[in-house]
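Down below are the structures I want you to see.
The two complexes that follow have subunit A in common; it is paired with subunit B in the first and with subunit C in the second.
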Partner chain A sequence: MPMVLLECDKDIPEREKHIYLKVDGEDTRDFLPVSNAQTIPGTLSERGCAFCGAKLVIGAVLKDTIQMIHGPIGCAYDTWHTKRYPTDNGHFNMKYVWSTDMKESQIVFGGEKRLEKSINEAFDEMPEIKRMFVYTTCPTALIGDDIKAVAKKVMAARPDVDIFTVECPGFAGVSQSKGHHVLNIGWINDKVGTLEPEITSEYTMNFIGDFNIQGDTQLLQAYWDRLGIQVIAHFTGNGTYDSLRGMHRAQLNVVNCARSSGYIANELKKQYGIPRLDIDSWGFNYMAEGIRKICAFFGIEDRGEALIADEYAKWKGRLDWYKERLKGTRMAIWTGGPRLWHWTKSVEDDLGVEVVAMSSKFGHQEDFEKVIARGRNGTYYIDDGNELEFFEIIDRVRPDVIFTGPRVGELVKKLHIPYVNGHGYHNGPYMGFEGFVNLARDMYNAVHNPLLKLAATDIRGPANATIREAAE
Partner chain B sequence: MSSDKIDQLFDYVQERCLWQFFSRSWDRQENIDGIIRTATDLLTGVDPKRDQPMDRLFYADAKIMVADFRERFPWITAIEPAEVRALMGTLRERIVDLAITRSQNHELSHSIY
Partner chain C sequence: MGCDITTKERAGVINPMYDCQPAGAQYAGIGVKDCIPLVHGGQGCTMFVRLLFAQHFKENFDIASTSLHEDSAVFGGHQRIRDGVMTLARRYPALRVIPLITTCSSEVIGDDVEGNINVCNKMLKEAFPDRKVYVVPVHTPSFKSSQVGGYSECLRAIFKTIATRKATATGKLNIFPGWVNPGDLVMLKRYLREMDVDATFFMDTQDFDSPVLPDKSIHTHGRTTVEDIMASTGARASVALARYEGASTAEQLSSDFEVPAHIVATPYGIANTDALLQKISEITGRPIPDSLITERGVAIDALQDLAHMFFADKRVALFGHPDLVIGLAEFCLEIEMKPVLLLLGDDNSKYKRDPRILALTKKADWDMEVICNADLWELEKRVKDPDTKIDLILGHSKGRYVAIDGNIPMVRVGFPSFDRAGLYRHPTMGYQGAMELAENIANTLFAHMEFNRNKEWILNTW
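Now for the complex of A and B:
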């Protein structure tokens, strides 16, 4: 019974294994949705591709690195400017996009010469930039272009540049998750340990799995500065190429997004003996807990308590104002994977919000173990959900607000249900104490905005014209 | 030993602790063993080891968990050390059963990350 076959899935009954309704007395030993599995033919998946997972999510966040995409122009445009990760150097990463713009003749005769020319052109155009990621894409992987060899040739000719290659075409995995994996493992094997960082504090850590969405990294950095902890590398929010080469010197790896970046934390532990501490950076209670754990590791608990007290004094009153007005709000979370388990308890504990349905595009079973352990009974947990399933779930749970991406968001707006951008945020940052007040404010504005209700009223009255669909 | 007490501690761990759900079974086992051992020390008045980086990691997680145990379940401060050890041993077994032994996660035994 707890695995659910929706009415819209009656012709693709395999979907039943991907949708779970939690009931009292059960846990993940009894039921665990299938996930990180190939999308079932007949379902219109909303997943991204493996290349997108490497480039859009992790690589393109870096503030000092050319992101050369070896493929047709669409692979560049469609993975550029759809995430909002600013930097403190003028948003270099968001201003520019680079592509080898492969055409038919390069597909037929090979694209390595074009790649070499494009790499040199990019470095010549931007002489102050000395670092580059090169990505293969579906067509250039299929024709067998050797991007590593090209990168090696350019580095030999230009000794002041360094290039990292990511060989993860879109078809390499079932979703964008494969791209996270390939980039993580490639980086630790090729680049970590190739540069010694300057150590400026007796307490050092890497902060892993935070991508500075609307300034998350910069907000948290103020905490680490106050605590006197040097962040050797941010993987990869507001980060630099060379700082990531020095990750092997940190005493502690603090992990926020375990899905996109847990691999490198695991490898840093295996190869360099650096412990991995997983925390939640969204939510008051969770953020305080994370700071307490980091400070306990370094033996600087007093500093942590002083920071938490100051932040609570500054922000708790505002959070409580929103909590009073959001209590009992029914929320759906349809995002990538980890935000399901990061958010479900934090919005419940800090804001009194009930999460009634959650869908993950690329989460693995580990993510479902976490979210089902934390989530409520009577809540739906969905892997790789599609639009028809969303409509049916909406009918079942009647959410007041949905945190999701802009594409699905536009869809639910037509049902007059407000959405908040759960990927790039509406008005972030959302991490940390101040950030969670921002999240609460955006949720409040969405839920209490009268426009969606007004938009549902047909002002033409009862004698309104019938609009015939073109297909009728 | 009351099963109600075990249930309270287990429900807390389920809800709060990411360390039980690391990527592979050996990571989960290491975390569960280390953190429960350190938490048991803290609850029974023993100063836990903090010499090695992994000891300090276990201490960081255990310290916060023990503080929450004491705040949410005041009965834990009133029981004898022997009962605490038995309780924590049972808690450890239940977490191992859920997160490792009977976990349906197919990635737990992959040999690489």
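Now for the complex of A and C:
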């Protein structure tokens, strides 16, 4: 019973292993969906590639670093203007992409010379920038260009620059998840420990796995400032290249997104003995719990309680106003992976919202373990869901709102279902106390949009009453 | 004074103007009804292009991937092509066309696309004896050309695969509008209707602006059918409105099936639209109706209010697809603006010899620069340079920060335009498009005057 073969999957029955319906009284450990496995070709999956997992998700968040993409132009073009991660220095990271614009002759004769030239040009054109990530792509990996050697050569000639290389061709792994891993491991091995950070507080931590979506990092930074905790490195929200080189000096690693960045926290523990503490930054209960854990680690519980009390006083009333009106709302979450388990219980506890279906693009086994443990009975848990499956699941669970990306949002609009951007947010930030009120507000405005009723009205029928009702 | 035609000197690119070939191929593919392009490459090659189309049109389009991984890189991606084709055909019973679009990775690996398609055709025939599914080989390695060439190549390949026989004479025209918005398409269709000319548009992208309906049905897909493509060989003539986006298909129909091909100036501005209508009139013998003379007059009337008072001598930078940039530069001259910078963004060596560019350079009695293989860093550098005064930018949304940081008014035109609402609905071609674009330019300049307190009082009495 618990693994579900949908009607649309009758020709690809192997999909049954990826879709789980949680029912009462079962040992859910027996029914974990298969995840982090290859996508069936031609299924209209939502997945991206390893390159984007490295560059777009993690690297390009940095506010002071050139992101040189060694490959044809599309890899640069496509990972530009698709994210909402501002910085406090004018969004340098969102304004530019760099490409070696590889052509056929480099495919035949090698692209290392062109890479070297492009790196030098980029530093020459933007003389104030001294840091760079270099990424491989499918073709440059296939022809075997040695980007590390090129980076070394440039660094030797330009002693004031530092370059990090990422081997992340799009075909590597099964999804963007592979790129997260490659970048995490590459960074800890190549760059952590190469610069000593300035220590300004007796309490220091790294905040890992938060990418400043619509200002998440900056919102949480206000909490750490108030608690007197120095964040040595943000991995990588609003972060700088050099701050990440000093991650080895933190006393604690606090991890939000375990999927994209848990690897580096594990390595920091292994190589430097820094403990790892996982928290959830979305939701009142979770955020308060996270702050309590962090403060307990440093022995500053009083400060934590004072902060939580102040934030509750400021925001809890507004959250409850939305909770009153959102109670019983049926929500679907179709995002990358961890947000499924970050959100399912926080929207339930804080807002009375029921999450009825969840699909993860690139979650692994531990993500599904967490989300199934936290999620409701009667809810579908889907790995690498595809378009026809989404239609069928929507018919089964009838969600009132879907948290997903803008393209799928445009699709479900035709089905009279509103979406909220589950990746870049509608009007965030969504983390922290204030952020979760923003999330509640966006969900409320989506669900209570009068256009939904108008969309469903066929004015050729006896439906005038419905129109009046919607307009009122 | 005069015009320099140069090429970007840097090897690398900072802020590209175009996406890669497979992206353009995907755009051509979605113009066909009952068609899902299958991109043979990494998943990002599809996922991001779908997102790009969604950003521009605020719609979802179906495009599939073969999800190429390491094992395919080593052993070839044959099985993934076959699985992809068969999975699509099985799960989408209405599907009739699958453009199989290659990428950099699959071209470097060297998968035998044609051979695999032969195998797929056999498998399809066996699985669906009563159904024909066309699998179209589209070779679009990302390390050649750009989205412009990719669009053209996919269009050509679809016709090559489907339009294989001379059809009986239809008396219709084949119109290849190029990579245009639904707004342009709707307007061009109206012009032909008003001329009483029967025409088929390739690709018919009118429904890329599609409704939310009470019955929840989804109509966001191309309207061009397999039958339309088959019948194209029996057309009276083909008219291609974009030299770099569709002309090659018109030429192919001419050489293979003797359908006369007319490559006309892209109809931006009054004179180019005049030439198009005259050409159609000449081919079909249908007169240009009074309604279009009136529309032309209304447009000229509107432009007269703007040209020498507000537009004259304004220095304009243009970037985007080559046919768009060239056509808009010609339109700029009609409204007395000076196109001082034209950026064309790939390594196509034909741009430099394009007769329209050569004609522009002859007309230039001001400093004008045409940069081929350009990126938007070339634009940004000139905007930052106090010696290169630029009053207006015409281009797509990827250049938005050049305008924002440089405090230069910018009108979004071309693909993609995701940071202004509804632009895909409005024509930029034809008389109507010329008028609406000019008014959009004027209103943008007016708002800029107000926000910058720059002689905004001029408008007190206009």
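The rule we apply is simple: the second predicted complex is superposed on the first by the 451 of 472 C-alpha atoms of A that agree within 3 Å, B and C clash if a C-alpha of one lies under 4 Å from a C-alpha of the other, contacts with A are read in each partner's own complex, and residues count from 1 in each chain.
Definition applied: contacts are C-beta pairs under 8 Å (C-beta built on N, C-alpha and C of every residue); 3 or more make two chains touch, one makes a residue touch a chain.
Keep in mind that this is a model prediction, so the values were computed, not measured.
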| item | value |
| --- | --- |
| Subunit B versus subunit C as contact partner of A:E366, first or second or both or neither | first |
| First, second, both or neither for A:E289, with subunit B first and subunit C second | first |
| Touched partner set for A:D278, first subunit B, second subunit C, both or neither | first |
| Subunit B versus subunit C as contact partner of A:D162, first or second or both or neither | neither |
| Subunit B versus subunit C as contact partner of A:D145, first or second or both or neither | neither |
| First (subunit B), second (subunit C), both or neither touched by A:S118 | second |
| Partner chain(s) touched by A:E392 [first = subunit B, second = subunit C, both, neither] | neither |
| Which partner reaches more residues of subunit A (counting touched residues only), subunit B or subunit C | C |
| Which superposed partner A:G262 touches (first subunit B, second subunit C, both, neither) | first |
| Contact residues common to both interfaces of subunit A (with subunit B and with subunit C) | none |
| Complex contacts: residues of subunit A adjacent to subunit B | 27-29, 31-32, 36, 185, 251-252, 258, 262-263, 266-267, 270, 273-280, 289, 292-294, 296-297, 299, 345, 364-366, 369-370, 373-374 |
| Of subunit B, residues touching subunit A in the complex | 14-16, 18-19, 21-24, 27, 50, 53-54, 56-57, 59-61, 63-64, 97-99, 102-107, 113 |
| Interfacial residue positions of subunit A with respect to subunit C in the complex | 8, 11-12, 38-52, 68, 71-82, 95-104, 106-107, 114, 117-119, 121-122, 125, 137-139, 142-143, 169-176, 387-388, 405-408, 410-411, 413-416, 455-458 |
| Subunit C residues touching subunit A - in the complex, by the definition given at the top | 10-16, 18-23, 36, 38, 41-45, 47-52, 54-55, 58-60, 62-70, 72-73, 80-81, 83-88, 90-91, 103-105, 108-109, 141-144, 146, 210, 212-218, 220, 347, 377, 397-398, 401, 405, 418 |
